[in-house]
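Pasting the structures in now, so scroll down.
Each of the two complexes below includes subunit A, the first together with subunit B, the second together with subunit C.
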Partner chain A sequence: MLKEVHMPKLSPKSDQYFFGSWLKQPGDTVKVGDVLFEVETDKVISEVQSQENGILKTQDAQEGQATNVGDLVATIEVS
Partner chain B sequence: MIYIPVTSTNIYQNFALEYFLAAEKRFKEPVFMLWSTTPTVMLGKYQDALAELNLNYIQQQSIQVVRRYSGGGTIYTDAGGCQFSFIQPQSTTTISFDTYIETIQQALLDMNISAEKTSRNDLTIKEKKFSGNAQYNHQGYTVHHGSILFDTDLEQMYDALHVDDMKLRSKHIASIRQHTINLKTIRPDLTMADFKTRLIRNVRATFAQHDTYHLTAAERQRVMHLAETLFEDESFIFGKTPHTEISKKHYFPGGGLVQFDLNVNHGILTDLRLTGDFFSNLDASHFAQQLIGRPFRPATLKRPIQQALAAYPILGIQTEDLLDLLFS
Partner chain C sequence: MAEIKTKPNWLKVTYDQQKVDKMNHLLEGLALNTVCAEANCPNLGDCFGNGTASFMILGPNCTRSCRFCDVPHGQPAPVDLLEPARVAAATQKLHLTHVVVTSVDRDDLPDLGADQFVRVIQAIRELNPKTTIEVLTPDFQGKTELLDRVIAAKPDVFNHNMETVRSLTPKVRSRATYETSLKVLAYVKAHAPKDLFVKTGIMLGLGETDAEVYQLMTDLRAIDVDFLTIGQYVQPSDRHYPLKTWVPMTTYQAYYQMAVKKGFKFVASSPLVRSSYKAKEELEAVYNQ
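Up next, the complex of A and B:
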């Protein structure tokens, strides 16, 4: 089954974040708590962790681009 | 609260110490540290060094360059300023600066320095900034750090962070320039040492319980190792930006117009075009081939430019002129 990962709300002030970098690549095994990617907002670098066990299927956000709260960021194949 | 005395002014070691405390030591209580640096420019994690720094001046003045793990803009620090760090377990996934900034604000008020907090989480006096703050969250810990200008060389700060107008394209976080003020102008009676002693005392007083912790010899060794492998890594400092396109031109009186159009990928010069109306037998294409593939920094390009100009001089234009144009 494919689970979607959406951009969580991290800042009380802003809903648009700078997508910094991916820490997992498509095909990588991911576990709950693994850091998937990091974003910058309001001078803070935040790590976003996986809520699923599975395999990262797609990266749907690009490094260096703006991403909004709720945007589809990735999909994870869970068994 | 745990207070850790820091005597090092080595920025790489001090950032490594913060990281060690968040990633490996992981105290349950908040840690507080106050420290200073040798002349240093600190880039935010996703900033483009080429857009923020006057690299030629920075090299001439032996200013250290470091990239933070936190966000925000570029700052200049030296022995006339201080940095504070708070490291503690992340209490919420929502970003908050208030507790840390209010602690510093109160500690300053106890020295009769009345500061205002701005919406960008800076501290100001009469709308002039003397403290900026940034954070990173790592493995469930928050590292909050900030700078305080007390008696910093503001002229050197301006020169190190002044980049001539140019066309630059890359995906990065840009700094916001603001007017600054040294706290010594508010409290000229205080020395830097007095100021730091009182700041530490006042911050400690805001916590009901506080202890002092000294790193063991093994922990100091570990911090040195992290400094070398993480924060001194030039590919991290200069190679973080995937792709930068730059176009710079300048008219040199007695020499003519020189224009560089270049691409830098992860800190490496990947394309360069030299054009202009200068007088020389220099083959622009051959000149470019001598530079392409090298790290795009003054120290690595100086010698090949010198060699090229020794063989084919440009009338009225020297190596330093070209380095200034490329990196200032």
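Up next, the complex of A and C:
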């Protein structure tokens, strides 16, 4: 089953962040707790962890781009 | 919005949405403000993830507008006399063994908010007799009769932040002075029971020099302040006080060593340290010494 990963709310006062970098590539196995990507908010760089076990299928956010809370970021084929 | 690639790599935290959601769910319906959310704290994910939070009473609007701070400045709300019971209930619900209570500045109130601190301490203690209580207070304009009331309620830790060195205080803080804050800490240390710890914190990266930080430490030790926290200032927005430097880790280490040498009982010095971050572990470390 394919699960969508959406941008979580990482800062109480802002809904738009800069997408930092990917730490997993399409085809990589991901486990719950693995860091999927980094995002820069107003105050910090946040490492966002996977909530699923599976295989990263698609990266739907680009490094260096502005991204909003709720945006589709990735899909994971859950195992 | 943040500017990309402005932050050093060590200013990095892990964010677990499920744990934060769980904490938000627990806090829902309690009608309480946390300084974690109001000040947009970078450690929110970590603290909420571990089931801890610091409550901000008498808010959310502050009567001062310090240039470093992200807490909203605005029309203050009437004092909510049911708030102490809600903080006590939240402490119980979250199973907090150490609770940090802070507030906005309330220069509009005759007691400047001191009595609400007392009511909150009493309410927490009644419902959670084993929980240690740390207050992080405003300067109460240096009024000792107000400090006496808070001391009499016997918090375990009294924290009041110096925020920065002497030369930068007028530029960074609003209506607060270096002397008044020192006086507050000195008064509490001199008049509180011996088992009450006095604590303060500062931010780095505002343009302070090493010599100024060391002088601040000397000033604090001269009045026997027990705990010191040192962390990196992160400019909340373009409207706030401009960040001068990302202070390197070696400086935090040097300041830590100097602070320990000068006799503080506990020192936390690293970029993500905030005054209430890991406060429980701090107190436990001192109790275990």
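As a working rule, the second predicted complex is superposed on the first by the 79 of 79 C-alpha atoms of A that agree within 3 Å, B and C clash if a C-alpha of one lies under 4 Å from a C-alpha of the other, contacts with A are read in each partner's own complex, and residues count from 1 in each chain.
What we mean here is this: a residue touches a chain if its C-beta (ideal position, glycine included) is under 8 Å from a C-beta of that chain, and two chains touch if they have at least 3 such contacts.
Not measured: the values here are computed from a predicted model.
In the superposition on chain A, contact of A:Gly64 is made with both subunit B and subunit C.
Once the two complexes are laid over each other on the shared chain, residue contacts for A:Gln16 go to subunit C alone; subunit B is not touched.
Of the two partners subunit B and subunit C, more subunit A residues are in touch with C. Once the two complexes are laid over each other on the shared chain, residue contacts for A:Pro8 go to subunit B and to subunit C alike. When the shared chain is aligned, subunit C comes close enough to touch A:Gln51, but subunit B does not. When the shared chain is aligned, subunit B and subunit C each come close enough to touch A:Asp42.
Within subunit A, the residues touched by subunit B in the first complex and by subunit C in the second are 8, 10-13, 18, 20, 40-47, 64.
Interface of subunit A with subunit B (complex): residues 8-13, 18, 20, 40-47, 63-65.
Per the touch definition, subunit B reaches subunit A in the complex via residues 44-46, 69-73, 93-96, 119-121, 132-139, 171-173, 242.
Residues 1-7, 9, 11-18, 20, 36-38, 40-42, 44-45, 70, 234, 236-237, 272 of subunit C are the ones that touch subunit A when the two sit in their complex.
Within the complex formed with subunit C, the subunit A residues making contact are 8, 10-14, 16-18, 20, 33, 35, 38, 40-49, 51, 64, 66.
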